[in-house]
Every structure is written in C-alpha cells, then in structure tokens.
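There are two complexes below, and they share subunit A, which is joined by subunit B in the first and by subunit C in the second.
And then the complex of A and B:
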C-alpha cells in the first residue's frame, strides 16, 4: 500500500514541486544552512546508514565474535598460520558487517596491510568452479603471469593456481584471505572441488591461507563431503541475536540520531531531541515491540526506519509518531488481502464458491465445473439474475485467478485434461476470504451473506 | 510539470514515490511493487524517470529469454555501447558484475541508477541465483543502484528457499469505479460534449464493471462501442440529454459485446464490420451473425469416426457397471432404486472424463452402430487419428499396443452436435441425465 503519505496526500503537482524545491535548495551553499539543506544532509547521512549498510564504529553486541575473528585473521596475516572458519547466522544478523569491521581493523596494522592478499567470492556470482577459478586468478592479479592460460582448461588453471600456492611456504609467501560469501552455494558445486582444494591447502604446509565462509544455513556442515569436512577446522562463529527489547529501542534511537560532526549543530541538537521524544512515545514503543516480536533482525528495522525517513521533508522536518504508525502499516500490510480487494465481483463470487467447496469436501481439489455448479446454486436461490454470466466469461475470470496464483493446479503438467476439468487448489485461507469480504468496497449484501454462511 | 499532473490522474499516491526515491541519495537496494494488471505500475515508473531524467534501464522479463540480453540491456543503457560489447559470449552473473564495476569506477553514479524489471514473476523460472543476486545488486556492484521489480503476484510467492535480501514492498492500489470513470472519460471524442461521453462510460461500466476491472480492456471496449452509442444521435432520433433512450439502445449491444469481443470470440475488426452490417441491414429483421471462434469447432468427421467418438464419450462418462443395462439387448429390468442412489458428487459431468480401455470402447462402438462393422485396420487407424486430433487423449503411455487406455476430451455440446448428424440420441444413453 502506498497510502501512507498522510499530510502529503495532495495533488501530484505538489509532490513534484516539493521534490524540485528540495533539488533547487540543494544548490544553495551552506551559508546559514536553511532547513532544506539540513534536511538534505539528514537524508544523506541516514540513508547511507540505512540503505547502504554503512559500517558502524564498533559491532554492537558482537564484541566476542569480533575479537575471535580478528585474532584469527591476524595470526594468518602476520604469522602466516593457515586457518578456516565459518560465520553462521540468520539473514540480516550482521555477518558481512562483522567481517568487514574485522578487515577494516586488521588493515589498520601496517604489517597486515602490506602482507595480506584478499580474494572475495560470492556463491551467487561464482556459480561453478570454473568461474570461481577465473575470478581467483583475476583477483590475485595473476592474469598477466598466465596470459592466455586463464582461458585454458579448468584443470590447467587449477593446477597452475595450486602450484603457485604450493610453491610458497610459511616464511616467504604472502598470506591470502579467501572470503566465500553464501558458502552453502559453493557446497553445491560438482564434487566440491574448489572447497576441497582450498581446505587442503589450508591444512598442509603450503602458502598460508585463511578461508572464511559466510552462510545462513545452520546445517552447512552436513552439506560438505566427508573428505572436505575432514579438512575443515570446524571452527564456527555463530551470530545469534541475544537482543532484548530495550536494546532494540536503543538501537532505533542510535540509528536515527545525527552524528556530532553534523554541519548545523543547532539542527542536529533539535533533531536528536525529537528522536528521543519519539522513542519515548507510547504508541511508537508498542509498534517497535511488535516489530521486535516478529523479527529481531536489523534489516526489517531498517526498512521501517527508511519508510519513516521518506516522510521527512522541508515542510515537516521531524519524524512524528504518526509516521512510524503509517510506516509500520506498510510493513505489516497483507499482500494477499491487498490483491483480493482489487478483484471483480465475479471473481470474488468464484472464490466464495471455492471456499464452500473446500468446506464441504474438506480440502479436496476442485475443478471449474464444480465451482460453476456451486455458483449456479447460489444464483438459483437468489431470484435476481444480476450475475447470470455465460460460461466462457466465468472461465475467463477463473483463468485470471489462476494467473494471480490464487488458485493453483494440483499437478503441474496437466495439459492433457480439458480446462474445465483440471483439478485446482485454493491458495487462500478461510480467514483471509472472510476478511476480504468485509473489506471489499461496495460488496453486494447477498454475496456477503453467501460468503459468510457456513455451508453454501 | 503540468504534463505529469495531467497524465497522472488518480496516480497521486503512487507519484509520491518520488519523494521516496530521492535520486541524489542512496536508495533502498530493491523495491518490489505489486498491483493488479493495468494499475499503472510501468506507466508511473516510465513517466517519473522520463520527467526527472534519471538514469534507468527498463527490462521486460518476457523479452529476456536469456540472462545475456538482460545484462546487455542494462550495461547499454547505463554505460553505452562499448560496455555492452565487453560482455563475453555467454556471460555469467560474475562477468556482468565485473564489467559493471569496471565501468562504474570510470563513471561513478551522480544519481541513483534504476533497473526496472517488468513482469518479474518470470524471474522465478530463471536461474535460481538470479533473483537473489538482483535483490542485493547494490551490495555486489558497490554502486548507488536500485532494482525495482514490478509484478502482479505478491512477494510471498517469490521468496527462495534459503531466503534472500528482503525488498521493500509497495502496493499500487487498484482503481475504484469513480477513478476508472475519470480515467476513461479522459479520452473523449472532441466532437461530442464531455457529459455525453462520461454518461456513455457510466453505462459501459454498469455492464462490465462486475466482470472486468482491467483498465486496458475497458478502454478497448469503450473505443469499440462508442460509434454504436452515437448512432441514434446521428440519425437525429434522440438528443444528447436523452440518457434513457440512449441506454435502451446500447445496453443489449454491450451485453452482446461481453459474449463476443470481450472473450475474443470475434476480433475487434469483425465486430466493427458487424456494426456496419447492422446499420445497413436495418430494415431487415434477420441478419446473420458472424460465427465466433468457438462456433468453428464443428469438425467434419467420417461416419465411423463419429460413432467411435460417441462410443468414447459414453465410455468416459458412464460407469462401467451400467454398460450392460444400456447396451445389451436382453439385460433384464432396470431397477429404479439402483439409479436413484447416485449423488451429485459422483456425477462424471462434474468430475471430468474417466479413462477406459480399448476393449470397452470397441464393445460400445459395435453396440451403437447398427450395421455390422469388421474390425479392420481402418477402424483402428481412425482411433489413433482421433487421438492426433486431440478429440481423444491416450492416458497411460506405458503400453502402446496392448490394452491402451483413452479418455474422451470433447465437451457435451460438441458430442450432441455430432450425434445429431447421425441421428443418435446420446442423452438417452448418459447415466448422469437418466430420469
């Protein structure tokens, strides 16, 4: 739903002009910092924080993991020890953030900075070992050495790389850090050749490498082959959120607060005060508690805050509790209910008929013929023939429902059976239908009654 | 500016999206926009990007049969021709991200770059890693880029097994009846007054609104039928203000349109021709309706093929235990009670055709054909040609020669028409219609 703009709900010309006014005000140099300029700065800082996943000063609540990983990587970078580690945690728990923070802190040391080579791979991009190998060669800047061999066979490439790694030893060669994002996807490669070779190098006295895997699957070790598993050090860092709701609330406040180096000190002060009062507001607290109950991860929180932030403009330079409410409404909006509201009366009637069929025959699949029959029974009881449609019209409505995936064929490849006899299942809940009926704009009374009645 | 506000009647709320987009700033990595067909998803995007002159690439997932064309299109619209030519022959996502980064470091984004994917439900059928990668493209290419997915289906049906970066969900609400009326009244004919056209739209919505809310469809229907609506006016029979007479004139016409043009039974060209003919043959009471598409389903079949099809229909829709009573000469008495037990659920005309073996088909065939027919090769070849015509379907593929099973795939009115041509009363032999 986009109806969350509250006070901004006004003709388009206004919204366009307001954007343009923001744009034009941006060009004014910060002499006295007008409100428009401040707002632009606020948007810039906060959006970078919320959307671009800007690194925080210190990873909050992950100090132990941070220390562990930093120590480990330091041992590789400085002392040339080979290591392997997996960072495991649910989506949005800050795995990449942790690793990036560690790398940032690690590279502050000159020795590490001088020594360490980094290779970043992502399971989404490097979908097989050949691509991954090319990428490794590229990131290690070896293409010049191998020349056209990069595009030679996989085996050649691997042999070359392995030889390059083997030739080195702990004292002379530079350590390499391999970061495998979406590690579980690498485990789906054929024979897990890449993983085997990486772990093998890390186990034997060859060039010092550290393999850091990032994954969201808790059972990732079960995916590994036995020989690969035995070469892995079984060192895992779990990022399981142990956040309490008060910490969550604090997090909201810190995320929305402006830093000290904001150009206009007075504005920053006012903004931070307004955020403080916002977080103390009772209704906001309730909403945040609800979000906390449904998920602890920060990404969904960022989404909420982003929606709040987008309602800040020159005309309204603070976040009000009503903004949080509206944003939360957008986050929690039921997509199916939204779609059901836009159906035509005929399609709604068909869905009611399906609901009754589901009730009577206890969830058995149905076909168009049965739905039509049920609909006809309804029409017979009602004397007025307002909805007496031809069969092909009903068929068209039925197929539209199928396109929207509100109903789904039982077996995928039923091209052979005729359209009216293809068995379908309703993908909607009983309560969803009832709710849709109540919210449907200008729903005819008899249809509503028919929908609410227990049996047909 | 005025142009935007003119085009976007009823899009006010959606147009507020630009406040959200804020092109100079970092934007959310991925936005998922859903809404019904023709609720202005693509249109709003197009107008916004064009008017605000933002760098964007609009990709329709229907056109992108391979990911290569998707990558090429994106690179082409952001970095020009040279960048697109850097892609190797069958590029992987890795190649795309590498080239994108390369180009991006040369020309960093001053504004957010947008990739708009239309019909994004088709992305689910592409490689499993394409959708998750697109959703976190901002992180992968380290550029200020936002991917906007447009779809008719809600996000719940997109989510991959192992999860992904959750996009921001936005809903484009569908038009209410009033809004539809407003939009449709925009493209009025300049030779008539605005009230006249809007009363026409009102009547049109009165007929079609309960069936169809698709703006494009309604607009098409409005354009097709307007000339008919104006007819009495041109003849001077009624005045513009005489709404009731105009309604009396157009309403049956629109109802007919629902059964023909709306279902694409007749094409819009044919429909216009029909209106023309109607006008000319005004005095004559009967004029031939051009046949719709489904009227052409009547096929000319050989004599035995007709009976084979009838036999197949009877075998498909009658339970095997009643065969003896229907087709044997000396079957004894039909016990009424036996037939009265059938309940509605068991009716085969509700559940669809049942498969039957070849033997049963032949047995029924010999009993319904009056003359003696030899089981020649031609009879059997006619059965297989009925299968190729898709009037019959072969059910199990495991055995081609020994005891194959078939299903009859024709509707009731079709078989009734066939049996009328050979003077066979099929309804008398159907178990479901037994009195």
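And then the complex of A and C:
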C-alpha cells in the first residue's frame, strides 16, 4: 500500500503547499476570500462571543466596580492583606465576567502571578462542607494530598487546613484567593462552618486570604449567622446596571460587529455597515426596545442575537430585520399556548368546561365529575351527538391533561380519593385559553362559541 | 498515606511589600488581624479574668467561668491577652507554670471532636473521639505528681451542644475533680445560654462565675481606633467620631468600626491628594456598608419588572392581603401595560419577569412548579417600592 501511494503523494502535497502559499500572499494583500469562508469565520467569531462567554477587553459600564475589586485583590496578592468581599447582582449582569476580567488583569503583574494561589468553589458542586474541604485541600496541593486523592476524615481535613493557614503569616506565605460561586448556597451548610473559618482566617493574623463570594441574592447578608456576619467585612460590590436603551442598542451593534483583525477587510467592512443599517431600522429598534423593557439581562440578549445569527448563510450573508423579528417571535412565544394548540378537541372542550367552572365558582377546585357535568350541559344544549364520548375516554383525556400539567391536583388530596373525585385546579390563565381557541386549527364553531361565551 | 505531613501553605517567592505611605500604614494598623499589645477599654474585664485564673493557678484548684457578649466586643482577644500576661508571669516564676490550650466549637465538625482536639493539644496523641474521652477521663481523675494546671479556653460553646449534652457535662465536670487542676473558660454570645439550653446538672456544674462584655460605646470605639493608629496621622478627628457614633448606635461591633475606617482610607486614596481622611470619605464608606441595595435594584430594574412590582402592590391593595397568586397579579399587570401604552406580554414572559424578581429576592415565591397558581409576596416594604419607583 505504501509503495502504491508513495509516488502519488508528492504531487498532491506540492499542490497543497502551492495553494497555501498563494493563500498567504492573498492574506497579506487582504484580498477577498470566498463568501463561504467568510461566513464560516463570522459564525465562528460571533458564536464564540455569544455562547462561550468570551471575555471582553474592558467590562463595559462596570469600570468603578472593576477598579474596586482589582485594587482589593491586588492588595491581597502584593501586600498580603486579608480581605473579604461579596459581588451581588441579578442573573446575567456579568458577575463572573467581572471577576474573570479582574483576575486576568491582576495576573499580568508578575508579583501577583508568582504568588497568588487560587481556589474556586461552586455552591452547586460543593454541596456540603465535607466536599468543599476536600476540594480546597486538593486545589491547594496540601501535603495530605497524594495524586488526586485527599486522605483523612472530614474532621482531620478541617484541622489540617486550619493548621496550615494558621502557620502562615502576612509577609512570608503565599496569599490564597477563595472564590465562592453561588455564595448563598454555602450559607445553607450546617453551622456555616466553612464560611466561619474562612472569614475568621481573613480577620486574624494568619496566612493572607481573600474571600470573594458571588451571588444574585440581595438579602445574602441576612442568611449569615451573627458571628459569621461579624467576621465578614461588609464590602459588597453591586452590579446593578443603569443601562439606557440607547446604550443597549449600541451594545447590540458592538456585539454583532466584526473585529479589525478579520481576514477579509472588505467583507468585514460590508458586514459592519449592514449591522449599522440594521440597528438603525425602525422595526428592529422597536423589537430591541421591547426586549430591553422586558429585562436588562445580557444572556437573554445573547440568546436573541444567536437566533438571528443562525439564520445567516452563504445564500443570505447579512442579518435582515425580518430575522430579528423572527428570532424575537421565538423568544417571546408563550409555551403553554403552543401546548394548547396540540390538544385534541375533547381535551379542549374539557378545558373550556373547567374555565366555566372557574368563572362560576371563582377559582374553587373541581373534579372530573363536575367537569363532565359541565360538558354534558353543553352537549344537551347543542343536541349534537358528535362529541358524545364514553366516560372512560373522557377520563383518559382528563388524565392526559394532568400529565401535561395543565391541571394539577390540590395538595394533599391525591392518594386517598378515587380518581374521578380528586380535586383539581386549572393551571391556565383565561387569556391563554381565549388565544388558544382563536389559533386552534379548524376549531368547530360551536366549541369556539361555547368557549368565548361568558356563561357556560 | 502521608502519616506525618506537616500542614503549611507554600511561602512566597518575593516578600510582601511594606506599606509605602501614611494611608497604607494606617490601613495595615487598622486591619482587624493586627491585635494591639494591650486592649483599650477592657481593663476591668481583663483584671477580673486575670485574678480569677491567677488565683486558681496559685491554689492549684479548678474552676469554670462563663463569658458572654455579642460578636466583636473583644471577648477572645481579652482572654488571649490575659493568657499572654500569665504566661509571662509564669516565665519569670511569679506563678507556677501552666498549660494553655484552646478549642473552638466552630472549628470542629462534630461536638465530640472536642475530646480529640483537647487530647492532641495536651499530649500530642491522636485518637478517636471515644478513646480520647476515656484517656482524658483517666488523666483528669487520677492523681499524678507535679501536675501542672491546665487552662482550657472553649470558644463558641453553643456549638458543643448535643442531645445528651455529655460533651458539655464532661467539660464542666472535670474541673470539680480533686486531681484535675483544670480551669475552663467558656465563651458564647448569649447571656442566658446556660439557662436556655443546658440541663440542670450541666448548668449547676458551670457555676455562677459569669461575666458579660457590653457592646462598645462610641467613646470606647474612638479610643480603640486612636490607639490602633498610634500617632499615625491619617484621620480627621470628626471623621473618627462619626464612624464610632454610627457603629455604636447600630451594634457596637469593633470589627465593623475598623472595617469602615479601612474602607474610608481606600476611598480617600482614590479621591483626594490631601492625604487625610475626612468626613466625606467616611460618609461614603458608611453609606456603602450600611445601605441596602433594594431601592437601587428596583430603581434600575427593567420596565416590565417595575411594572410587575406595581401590579403586585395594586393587587395587595385590592385584596387587602399581603399575598396574591401570580394569576391575580398578572391580570393587574396586563391592565397596567395597557395604561402605560406598552404591548401586553404573554404569560411565559410574565412568569420570567416574576422569577427574575424572585431570584434576587425582591419577591418571595413558592416553587415554580405551581405555575400560574404560585403565590407571590413582597420581600421589601411597599413604601420602599413606591419610593424607588417614584424617585425618578
């Protein structure tokens, strides 16, 4: 085989290298690449930015917080001062991004880079102190760690760690940075032992440590025990964005724009221009305003932009206003209304009956018997035998609704009662039912009328 | 298995930088960890504990003492200072030599670990909790020639509570033995802890030697800071007074006071060039540390979130209750949307808005599996919400 391929290989490799040399020459001249390649590059760059949470050069709108945190951590790393701080902000406000940016900037300094030890913990992974302690010991490479295993019992591990920290002092031992993600979950551990000990070390003359907690709860300090709270330094960095809608629009534009180092200069220019015109478009502005009104969370914005971006292809190499509209429609779609559209007519009728029961009895729970009676009233009035189903069929439909969690048994009435008499509540808003009736494909007129009428 | 591992944190390659200017010097002195040689404003307590322990050491008897006080009033620091002085006295042969060991209830995983730690600190042996209890029992009940007095400090006593209270019982029973020569000092936060959680035979052994540390008054706090600064001129007098008055009014916690001063030096460093921490810096630090973020959070919330909060209040007013279901609030929300001229939102979106407010605890919610039937409550007062929404 080798001999057979041998002579063939050299011309092939030659041609590849020649193509590469031509390509590199092209790159130097910054000439046009084929559109397909450009689109692949665009997708790659923007997807990295939107989905992989790529760090920005500078955290926008968070300069003061960035400076505060950087100064604080620098003092721990360089001067050996112990500190504790909490970063508080709603979900998607950029708490982790801020911390990562600060760490990146901090580690540029050699003095910090050589000395700082880091321990990262997450409240969702380290669900109790035992696991958290093992993780700390492992990440610090203390001497009771062999390979990846931590030896000793929980009590021994704690004693060992505290002894190690106690032996250190401000000027000679390496500072340790503890990052506690989902800080509020650590406050639910038994006795808050870990938090007490970390804060206690940060407030006594032992190894210098910085404790950084990240949480989205504004009332996090109320979760701490008195003695733990007293040892915490009460520094809080709040990330509450004072973003205005114009800044929001700018942010969309910068998020979608291509960087200067894009291989094909002309394409990048065109793309950026098209993004600019897109952002100036009136309908797009309205949609973005609506998103901005709904939340200032950047993650939901990134979600929207991802949906727009996924509609870009070789055949359609720009984002058009229609794409944004389409993406926004997907984002704002009501999940339950979609589910209602997939029900059978019988199930829809049962839901209408429940709606009428709710109207008449002001939200009191109902059971299958009552729903069936209500349904029978409808059938009698219409003298229409088309929907005259047997009871087991109705029962089946009722159970299907329960499985979809459109109805829900009242708490505590489940096990003992028979199925027909189990009390239920409807988990739908009336507006959803009305909307579903209007959008239901080929809904029979009498059902629709019955549903829309105020009286059952 | 590493049997004789020595616990340590690796040492740094470059030594830490020394403070370069006045503010940095002040900051280093104000750090809670730099406990001064002698504690100001705790002379009386110091004297009481000192004479108690000294008399027990000299007599060669045992005893218990219970010390209480809110966090940050200098309990542990005072005891440590007493022990330092006694150690010094023992070194110059004024009093017989003694052991000093300390345990902390928060620094162990289980109350029974107390035995293990005491034994290890006394003799260096390692044993399981049960075995350590037996060994300690033997040690304290049997006579031995030339036995030194042991002073045992038990911090965070309330954590040593077990259902049978045998750990506490033993701790207070050992000093009553003739041959034990044990002095037990216990520290906890609440004054009535012995009456509240201890059964009679434990409380009676603890005895009536009690001491309580009062929260610092503003003069004392001021004195503490001044003594810490020790002639480093970094603060204006008025600024110090403001900090101590504020903290004394709230809690009397010395740690809080020091932390605020430290933060004020940082703010001063960034803002001005005068190099003296003034009123404005202290005010800013106080605001940062004492103010709650609820109002700002509401003020900067998205439009729909603010609208939802208004809908919640409107529904509460209509019902006359402090609780409503999401469905009821949502009806109000839709109406408010129409009034404000916004596009009405879908139930899913409304639910998302509600969950976001619940996640940062502006609202208290039932679990989301209840769907539109979940009950909603406010976690802030209605007045705060109205104030925040009206302010702009």
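Keep this in mind: the second predicted complex is superposed on the first by the 414 of 456 C-alpha atoms of A that agree within 3 Å, B and C clash if a C-alpha of one lies under 4 Å from a C-alpha of the other, contacts with A are read in each partner's own complex, and residues count from 1 in each chain.
Throughout what follows, a residue touches a chain if its C-beta (ideal position, glycine included) is under 8 Å from a C-beta of that chain, and two chains touch if they have at least 3 such contacts.
Just so we're clear, the structure is a prediction, and the values are computed from it rather than from any experiment.
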Examine A:299 and indicate which partner it touches, taking first as subunit B and second as subunit C; both and neither are also allowed.
first
Answer with first, second, both or neither: which of subunit B and subunit C does A:193 touch in the superposed model?
second
Contacts for A:441 in the overlay, against subunit B (first) and subunit C (second): which applies, first, second, both or neither?
first
Touch test for A:161: subunit B only (first), subunit C only (second), both, or neither?
second
Once the shared chain is lined up, is A:125 touching subunit B (first), subunit C (second), both, or neither of them?
first
Between subunit B and subunit C, whom does A:58 touch in the aligned arrangement: first, second, both, or neither?
neither
For A:43, using the defined touch cut-off, is the partner it touches subunit B, subunit C, both, or neither? Pick first, second, both or neither.
first
With both complexes overlaid on chain A, does A:392 touch subunit B (first), subunit C (second), both or neither?
first
Classify the contacts of A:419 with the two partner chains as first (subunit B alone), second (subunit C alone), both, or neither.
neither
Footprint intersection on subunit A (subunit B / subunit C) at 91, 216-217, 333, 335-336, 405
Mind listing the subunit A positions that touch subunit C in their complex?
67, 71, 78-82, 88, 90-91, 111, 114-115, 117, 129-130, 140, 142-144, 146, 151, 154-155, 158-165, 167-168, 170-176, 191, 193, 196-197, 200, 203-208, 216-219, 226-227, 229-231, 233-236, 238, 240-242, 290, 292-297, 332-337, 405, 408, 425, 427-429, 431-432
Complex contacts: residues of subunit C adjacent to subunit A:
1-2, 5-17, 19, 24, 27-28, 31-35, 70-72, 106-110, 113, 116-117, 156, 159, 189, 253, 255-256, 259, 263, 266, 270, 288-289, 292-294, 296-297, 300-305, 327, 330, 334, 342-343, 345-349, 352-353, 356, 359-362, 370-373, 379
If you look only at subunit A, which of its residues touch subunit B in the complex?
1-3, 5, 8-13, 15-20, 23, 26, 40, 43-44, 47-48, 51-53, 91-92, 96, 122-127, 131, 134-135, 138, 184-185, 216-217, 299-300, 303, 306-307, 310-311, 313, 330-331, 333, 335-336, 338-339, 341-346, 361, 367, 369-370, 373, 386-387, 389-390, 392-393, 396-397, 403-405, 416-418, 420-421, 441-442
Considering only the defined contacts, which subunit B positions touch subunit A in the complex?
1-2, 4-5, 8, 11-20, 22, 24-29, 34-36, 39, 51-52, 92-94, 97-98, 127, 129, 132-133, 136, 138-140, 144, 152-157, 162-166, 168-174, 176-177, 209-213, 258-259, 262-263, 265, 294, 345, 349-353, 393, 407, 409, 411
